[in-house]
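Here subunit A shows up in two complexes: once beside subunit B, once beside subunit C.
This part shows the complex of A and B:
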């Protein structure tokens, strides 16, 4: 019991300090002006007002929030973080998570006073006004002076709006403080914290003044006032979703902050290029599936249209770029791997094999397996994305003339052969020339050979795995061309290996 | 010291292999691009032929052109640990700076000369000596379509050419400088060299996916595949590039001790 008494005494002591009184007085003067404005407005429109008009308007006024509450909250938050973050406290608490929770508690000790003064002033201004538990006729009217029209339609009683406003403030303040303390705890840089605070303030002003209503969920002021909140969202659930999302993000971050995640992130680094590649592929498939109609097209269509590619007769920039990303991206990844095998590991590995061919096959077979796996992965991904986008799960293709089996043959067999051909060509170039720039030159010349009109007979073995080729060419004809080209390249490599090697 | 080093670098850059590459880029590339469009197209003025030449294969190889003009020379010096042995002779900072300047100058110059040759070819050589292209007179239904930068056409063909080719040159310089600076801080040269290439093609793809192709590097540097846009659109990817350049510059300056030399 004496403990609680002590806390209450400390709290009251804090409450009557000069700075809070100064804040209260400044709110008082602004609130008086606001009250005068509202009362005049109600006289002009000949409608009566009650206590809630004044009190809710003062609590939801954007100017108080923007130029008064947000700076003060940022000040309270940063000072409490900077004062409290020291190694003695951290050692006593043990983890950063505990420190953040404690700092949140300390923050609330101060900012609750701000809310208290604010609410008190908003209630103090209602003296001499009629008390009622319902919306006044003025607040239900759609007038110029009245900001409460939208929420008066949502809530039965103004008391609910009042309670929810305070709940919203508590939630938003907490998220803001946790975010700031997370930033400081991870970076431990004072300047970054201050920059973030200034940026947040400027962002609030810009968001309030400049953003159109459609994008007002970007503006922080939306989450400080209940009237703006209901003004911004058609369905308030979305706003709750955003706030909950922010809380979940903060919570997950809070759980992870004491772990050594840097190590985990570093261990994913070798896979980063592949993940980026996969991400680009997925974006492409998604954008294709947006262009299809769900009740007409099937999941096979998503796949076929995505990997349609280009031929001499059919050319669109989107499918050209997508082919480039998928297949040339893949061979770029492989060429990075080959660059490692030849230039960096070559010295050490080649002497361990009896001849160059064994060394070649030691890593080349891995690339062959990876190629097949990537092709299967791309197909599966496009089926899954097609299914998620609501395409029909039928096993036929609507947009193409040729049969499904032939398309599968074209994608897997010819695709495999084509990618292998690219890789062999790149190997020959990087083995003989020893200049990594050659790979980029080679990929660029592949791109040129795929332009419309360059390859009308389908003889140049570049880009022949585009699914569009099944329309005019027999896939077996393409297989033949690719096989011959592959064999030529393979024997060229064998021939090169018999020459002296210059590492 | 820097001036002397610059002169030396200029002299050293002129080797037979480089000259051949540059001659190929300046003369043969525009001719190769001209070959498929010499007949069967409807042209009203030489400027359109010029635009068509630049709209064909050159946009696809542009980032590669930017990096093969001078950077392989620097790469060989890096690979053979040549730069270490220049340190007694000249401060490392001046040496790298002179390399950067020479790289930017040569890349810009060769790209500009390529455009200049295309322009001279379509304006003077082709109509006077070769006569491959048939010019039509514009009518009500057939008239030339406008592209970005043809805003300058009303000040004359030459002004248009100068404004446009300066723009392409500027882009080439930015791309090659990004690569050059990355070579100083990334151990794997292949990745450093391919960053402009990857940026160019991936950015093209991504803006295509989001349906804002007018901001793609391809359509801002070579704006012949889309209809005319206002001039500010070209600044969007360029600003992005400059931002990348600036960030890399600060990283390079701060890690002076860890340069790959």
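This part shows the complex of A and C:
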């Protein structure tokens, strides 16, 4: 109990400080001017007003928000963060998360006073005006001096608009303060915090003055005013989604802020190339989905069109580049792994295996398994993305004449054989040349061999796993070519293993 | 079990090594001194123990728990690291009161008692912005001990103190040790280190017993 009394005393002490009186007076004069405008407007339009016209307009006035509320809130937030972020406080709280939540509480001690003053002034200006629980005719009109037109259509009673305005302010203020706290707790740089505040303020002004209506959801002022909120969003659910998204992001960051993120990031570093590769593959599949028609195409179409590839008879730049990303990107990742085996530990391991073929197989079998897993993953991702993008979940292909089974065969069996061939070629090149740059030269030559007109008979074993080949060639013919090519590579490797190692 | 265990900790500063493969076990009820030249990493070591910084490699365990796993900062630690932040427009007592409200484990009289112990007047209306360096240091010591914290991490606790205050604080620390509290401190002054049971030196990025 004494603690609560202490807090109440501190709150009242803060309330009567000169700065709040000054703010109150400033808002009073502006609000008076606004009231005069609204009253004159109602006379001009011969419509009556009531208390809500004045109070809600003052609470939603963009200039009060831009030039009073936002700067004051930013000031309260930054001063409370900078005052309170110190070792003595952190060690007592135990986590940065608790510090942020405590900081939010302290922030609200001062910002609640701002809201109180603002609301008080908005209500004070309604003295001598008719009291009603309903919208006035002026509120419902689409006049110049009336900003309540849209919300009067949404809410039955202006009281709901009033309540929701307060709720929106509480939510927005809280998100803003938590974001600033997170920035400072992460970076511990005062200058960065201040730069962010200035940028936010400028962005608020720019957003309000410059953004067209359809982009007004980017403007921060949208989230400080219920009238602007409903003006910005066709459906208010989108606005709720944005705010919930912001809260979710803050919440996840709060959960992670006390962890040693750097070590986690460093531990994921070896996986970054693969993650980047996967990201690019996903982007390609999404891009393919956009080109399809959701009510006509299926999830299988998403997969087939994504991995269509190119042939001598069919060539598009998008398919060509996507093939490069998926398959040449994959073999480039494998070549990095292969180089590690050859360059770093190769001889120490070879001497222990005592047999080059055993050594080769010890890591090569892992690459084979990974190849199959990647093909399965790409297929799964295509189906999932296709489904999310609204494609029909049917198991047929609309754009290809080949049967689904043959397409699966082409993708998995011939795809597997083709990737293995690429890897074996790269291995031979790396083993004999010992310069990884030359692997890129090899991959570039693969690309040239895939250009239109270069491989009309489909016998050069490059790019033969493109799904488009099923339209003109038998997948079994392709399997035969790839098997022969792989066998040649196998015997080549056996041969080079009989030669001197390049130490 | 050691109260604090530092295992193979390495810390770099802008890609330059600061501390390398530090191993240290701190047992309860002793005073440990860490000495080393300026910039050798004493404060960084203390910050890592308190969870304010993470090591680049290795682990720090407090009561057997890895720092940052459950709670980011260890419980029941009194800390003086670098210059503390105060609310400049409040008195020393008001500043300590602000801190005591976080955990709510002590009353005003405990704050007053601690202030008197270190030589500060709890009833003084002097604002912290007008405190001398020595007074601010005493206030820092106050906040580190007022809640009867069992582990004290004190980076140069005797800085800016007059001779009598130094003597007083030394006696206080020895008393805390007898009560079973664990103290880690750094100092440039050999006399301050004399109260330590065990002294370590940071030499060439390594920690060695002096």
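Criterion: the second predicted complex is superposed on the first by the 464 of 503 C-alpha atoms of A that agree within 3 Å, B and C clash if a C-alpha of one lies under 4 Å from a C-alpha of the other, contacts with A are read in each partner's own complex, and residues count from 1 in each chain.
By our rule, contacts are C-beta pairs under 8 Å (C-beta built on N, C-alpha and C of every residue); 3 or more make two chains touch, one makes a residue touch a chain.
Since we're looking at a predicted model, the values are computed, not measured.
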{"item": "Partner chain in contact with A:242 - subunit B first, subunit C second, else both or neither", "value": "neither"}
{"item": "First (subunit B), second (subunit C), both or neither touched by A:441", "value": "first"}
{"item": "Partner chain(s) touched by A:83 [first = subunit B, second = subunit C, both, neither]", "value": "second"}
{"item": "Partner chain in contact with A:3 - subunit B first, subunit C second, else both or neither", "value": "second"}
{"item": "Touched partner set for A:258, first subunit B, second subunit C, both or neither", "value": "second"}
{"item": "Which superposed partner A:372 touches (first subunit B, second subunit C, both, neither)", "value": "neither"}
{"item": "Touched partner set for A:95, first subunit B, second subunit C, both or neither", "value": "second"}
{"item": "Subunit A positions touched by subunit B in one structure and by subunit C in the second", "value": "none"}
{"item": "In the complex with subunit C, residue positions of subunit A that touch it", "value": "3, 6, 83, 85-97, 102, 258-260, 262-263"}
{"item": "Complex contact set, residues of subunit B against subunit A", "value": "36, 56-57, 60-61, 63-64, 67-68, 71-72, 75, 188-191, 193-194, 197-198, 201-202, 204-206, 208-209, 213, 225"}
{"item": "Contacting residues of subunit A [partner subunit B, same complex]", "value": "280, 283-284, 287, 317-318, 321-322, 324-325, 328, 332, 335-336, 339, 435-437, 439-441, 443-445, 447-448, 451, 453"}
{"item": "Residues of subunit C touching subunit A in the complex", "value": "50, 52, 54, 56, 68, 71-75, 77-79, 81-82, 84-85, 87, 99, 101-104, 143-144, 147"}
